[in-house]
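Heads up, the next two complexes both have chain A, just with different partners, chain B and then chain C.
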Partner chain A sequence: MLKVSIYRYNPEIDSEPHMKDYQVDTGGKDLMVLDVLSLIKEQDPTLSYRRSCREGVCGSDGMNINGKNGLACVTAISDVVKGNKPLVVRPLPGLPVIRDLVVDLTLFYQQYEKIKPYLINDTPAPAIERLQSPEERDKLDGLYECILCACCSTACPSFWWNPDKFVGPSGLLQAYRFLIDSRDTATSERLADLNDPFSLFRCRGIMNCVDVCPKGLNPTKAIGHIRKMLLQQGV
Partner chain B sequence: MTNIRTVTYDAVIVGGGGAGMRAALQLAQSGQKTALISKVFPTRSHTVSAQGGITCAIASDDPNDDWRWHMYDTVKGSDYIGDQDAIEYMCNVGPEAVYELDHMGMPFSRTEEGRIYQRPFGGQSKNFGEGGQAARTCAAADRTGHALLHTLYQQNLMHNTVFFNEWYAVELVKNQDNAICGVIACSIETGEFVFFKSKATVMATGGSGRIYSSTTNALINTGDGVGMALRAGFPVQDIEMWQFHPTGIAGAGVLVTEGCRGEGGYLVNKDGERFMERYAPNAKDLAGRDVVARSMMMEILDGRGCGPDGDHVYLKLDHLGADVLHKRLPGICELSITFAQADPVKEPVPVVPTCHYMMGGIPTNINGQALSVDADGNDKVIDGLFAVGEVACVSVHGANRLGGNSLLDLVVFGRAAGIYIEKALKDGIEHRDVSASDMESAETRLNRWEVSKSGEDIPTLRKDLQMTMQNHFGVFRKGDLMQEGVAKLADIRERIANGHLTDKSSAYNTARIEALELDNLLEVAEATAIAAEARTESRGAHSRYDYPDRDDENWLVHSIYDPTTKKLGKRDVNFSPKQVDTFQPKIRTY
Partner chain C sequence: MVTVTNLSRSGMSDWIIQRFTAVLLAVYVVVIASYFFCASEASYETWKEFMSCLPLKIFTLLAVISIAAHAWIGLWTIATDYIKPLLIRAIYLIACGVATFVYVIWAFQILWSV
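Up next, the complex of A and B:
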């Protein structure tokens, strides 16, 4: 039997959130945390959480698992629970909770939208694809794979403090993904949009984002590259 | 219900996957008042899980490649019940639609020439099957669906599409003239129900793989569009045709792409034998998916499966080397380590055929207009209703879809429907009249769950349904076993009608959504079961022990399942492409 403790809050019933304990029969298997939640939902259908692909590519089930943000579907119990300790599941920190493990991601998405997350190229498109060398394309690796799960931004103290003004690691990773794309022509416009005290420069290099990213991406490094581009442009 | 809020749009698209977002983009660019309703934030849609690529004759790998060769492969792959006018359109327009994706910023992998990288996939040939294996699948590493879906979402942001994210469409609203006037949807966050009144309602709700207990499909793939269409009394086509993907990770069901075999991987049995050489001497591991899946099952059933229970085979990849695997198949390495505890660089991946794709769906024409069939067997356009992507059956996949053709289907027909609706709106169509009684069917369905006081719980009912489909309608099928399955489903229908929704709260109540999804799973499962039992032949993915041969005399046709009679009819396949000669049915070997 696995001991599980889950953050519960239903705005229609609860005056405040509380932790609720469950016992789950895992059948001795090293299940994923999402499987454990699914077994609990069979006992208690009132538990709400987001899930879709169950294989770590859609980014629905970011949550705080034994103190660390991650995706429930690709986090095995053995990754986070040692000995007889309980599995403790809470919503992603720093954002309003809608219910149980479901947070309101509006601020997170707004920061994503702020960086103009789409290719801008005003030159007429050719009859075929825009050519791009393998070396140019390689620069997008480690950037385009972001799944918008919000694990990184909601692990970032700077984002907790200024979620309305600091773009956050996820949005900045995407900003760099378009800055470095050889097909994009809006470099100076993009850099100008980030050149204020908050959007980019609230990053303090804490690197929680790197620590939690379930896809192994490195937003801090991307942010460093953007800083360098801004500096070079200033000179 | 009769006094719910109404919001009015020119077009409403239900579903935020590749097809829905491509259609929405077309309409947003043209300035139509468009809303897209999605039950998940759009980038969580199942398109995101597509791995290997989008098949299209862009002539990057082979400068002489020709869309007609792609058409030939697709017609053959469909086992000749794909509509040749639709396949012609898809293969011909495909390159334009793929170049558009690049112009939108999609991060395709590249060749040394800077063009889009293409890899070999199953069922591909050059020169109408005479020129050997082709490499026609355009790829962004093994994350092509992710790259495509995010790019389409980004473009929709750029063009200010109105999104209703985490809204769940419950029921089509049909008026007395049998025309669709819009859809009723529920905000998952608040529980509010709203009538989305629309001149054009586009179903882009994706597949229904969750009718099976083992599937590569996301948990959200519950056949909502098919369920809504069937309850509205409209037919579905070729719904017995379910693709079992050869390489789902054994136990987990998670997909590993056919691109693994495209890059040079191959399947082995417990003796280490590359058994596909016996079943498909020419194409070997890159034969059609139905052929490979059946061959694997034969190996397993004949006692040559791997593992302690002999219930899977191995996909061998280690000979490709770490460099190729990490460059071309990075996502697969990640999935295999997570879900099979096997690093493909060092050891083989345990795989088994797993439910993957619904070839059937709502019949449509090339413009995405949904069709029904009148008493004389003639096609009749359903006013106001469109369908695109996996929920639609246009039909380009027939009895077996080729790998990489799904993403192409999404963008080509999402775009085509968008173009058609844009023109229709400009030519001027009006909102159709709706009366209070037209809303009643939706009301009935919702109230049923809301007033339930006791009964079986939803997870139990869902599991029984999924096990029934798994055990009675799998890779190999048999008449008596299917009849048993049909009877079990009738029983499950009764039990679901008496099922119990315990949680009646409003805010983010996922139990309610799961109850409504269960209604849809049931509709799809029942249609599948009845159609499968009635199609007395083997063709493509539909393979029967009791009717082992293809029967062109009686079954070179689409099946049409009518929910009002629960009977299976037939509809002609289109054999009249516009620019090329008809591809005549031949014996299908690889």
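Up next, the complex of A and C:
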């Protein structure tokens, strides 16, 4: 039997959040955390959490598992539970909780929207498509894979303190993805939008984002590249 | 986007100022530490003689100004991270600004009295 402790909060009936304990029969298998949550939901249908693809592609089930943000669907119990310790599941930190493990991601998406996550190109469109050389396409590797699960931004203290002003690691990784794209022509405007003391420069380089990213991406490196582009533009 | 009263109103400039002042302060620490390691005798007279040469006075003043700029950016960052009520933040920043200014003037006065 696996001991599981889950953050529970239903604002309609609870005055404050609390941790609720469950016992789950895993049948001796090394299940994913999402499977454990499904088994708990059979015991207690009031438990709420987001999930969709259950294979680390949609980014819906980002949560805090034994103190570290991650996707429940691709986190095995054996990766996070050592010995007889319980599995502790909490919502992503720093964002308002809607219910149980479901957080309000509005601030996260507003920051994403701010970086204009689409190609801007005012030159006349070619007949078929805008071509890229294999080398130019290679520059997008390690950037385009982001699934916006919010694990990184909600692990970042700078984002906790200023979620309305600091774009956060996820948004900045995406910002660099468009800055480095050979088909995008709005580089100067994009850089100018990031050159205030908050949007980019609140990053203190502590690399919590790199530590938690379930896709193994490196937002700190992308932030460093943007800083270098700003430096080259400014000097 | 949002800009309040940081040092230069540009994130990049503040970032460069913080790095530049940090390097300058590191060099200053090495110079002063070297003096203590190399000086045959550390007395008030030798210290006064060392500090009264003009290049070192200028370097010290530069170091003081660097501390002030570096500290102001850091203190402003701390205030905007952790102090959310505007009135308390304003009082804290004014106190930090006044203290920094006083230290700079005081250091200036000490240096030129040597």
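Here are some notes:
Quick note on the criterion: the second predicted complex is superposed on the first by the 235 of 235 C-alpha atoms of A that agree within 3 Å, B and C clash if a C-alpha of one lies under 4 Å from a C-alpha of the other, contacts with A are read in each partner's own complex, and residues count from 1 in each chain.
Following the convention adopted for this analysis, a residue touches a chain if its C-beta (ideal position, glycine included) is under 8 Å from a C-beta of that chain, and two chains touch if they have at least 3 such contacts.
Just so you know, these numbers come straight off a predicted model, no measurement behind them.
Touch criterion met: A:K41 reaches chain B, while chain C stays clear of it. Considering which of chain B and chain C touches more of chain A, the answer is B. Within the superposed three-chain model, A:N162 lies in touch with chain C and out of touch with chain B [touch as defined at top]. Legend: residue contacts after superposition of the two complexes on their common chain; A:D196 is shown touching chain C, with no touch to chain B. By the touch criterion defined above, A:Q110 reaches neither chain B nor chain C. In the superposition on chain A, A:Q23 contacts neither chain B nor chain C. Contact with chain B, but none with chain C, is seen for A:C53 once the two complexes are overlaid on the shared chain.
When the two complexes are overlaid on their common chain A, residue A:N10 makes contact with chain B while staying clear of chain C. In the three-chain superposition model, chain A touches chain B and chain C at no common residue. In the complex of the two chains, the chain C residues touching chain A come out as 1-4, 6, 9-16, 77, 80-82.
Contact residues of chain B toward chain A in the complex are 40-41, 43-46, 48-49, 58, 98-99, 102-105, 107-116, 140, 143, 146-147, 150, 154-155, 157-158, 189, 218-220, 254-255, 331, 334-335, 338-339, 457-459, 502-503, 505-511.
Residues of chain A that touch chain B in their complex: 10-13, 41-42, 45-46, 48-60, 74, 98-100, 102, 105, 109, 113, 116-119, 121, 125, 127-134, 136-137, 140, 144-145, 147-148, 178, 181, 183-184. Contacts from chain A toward chain C in the complex involve residues 114, 157-158, 161-162, 165, 193-202, 227, 230-231, 234.
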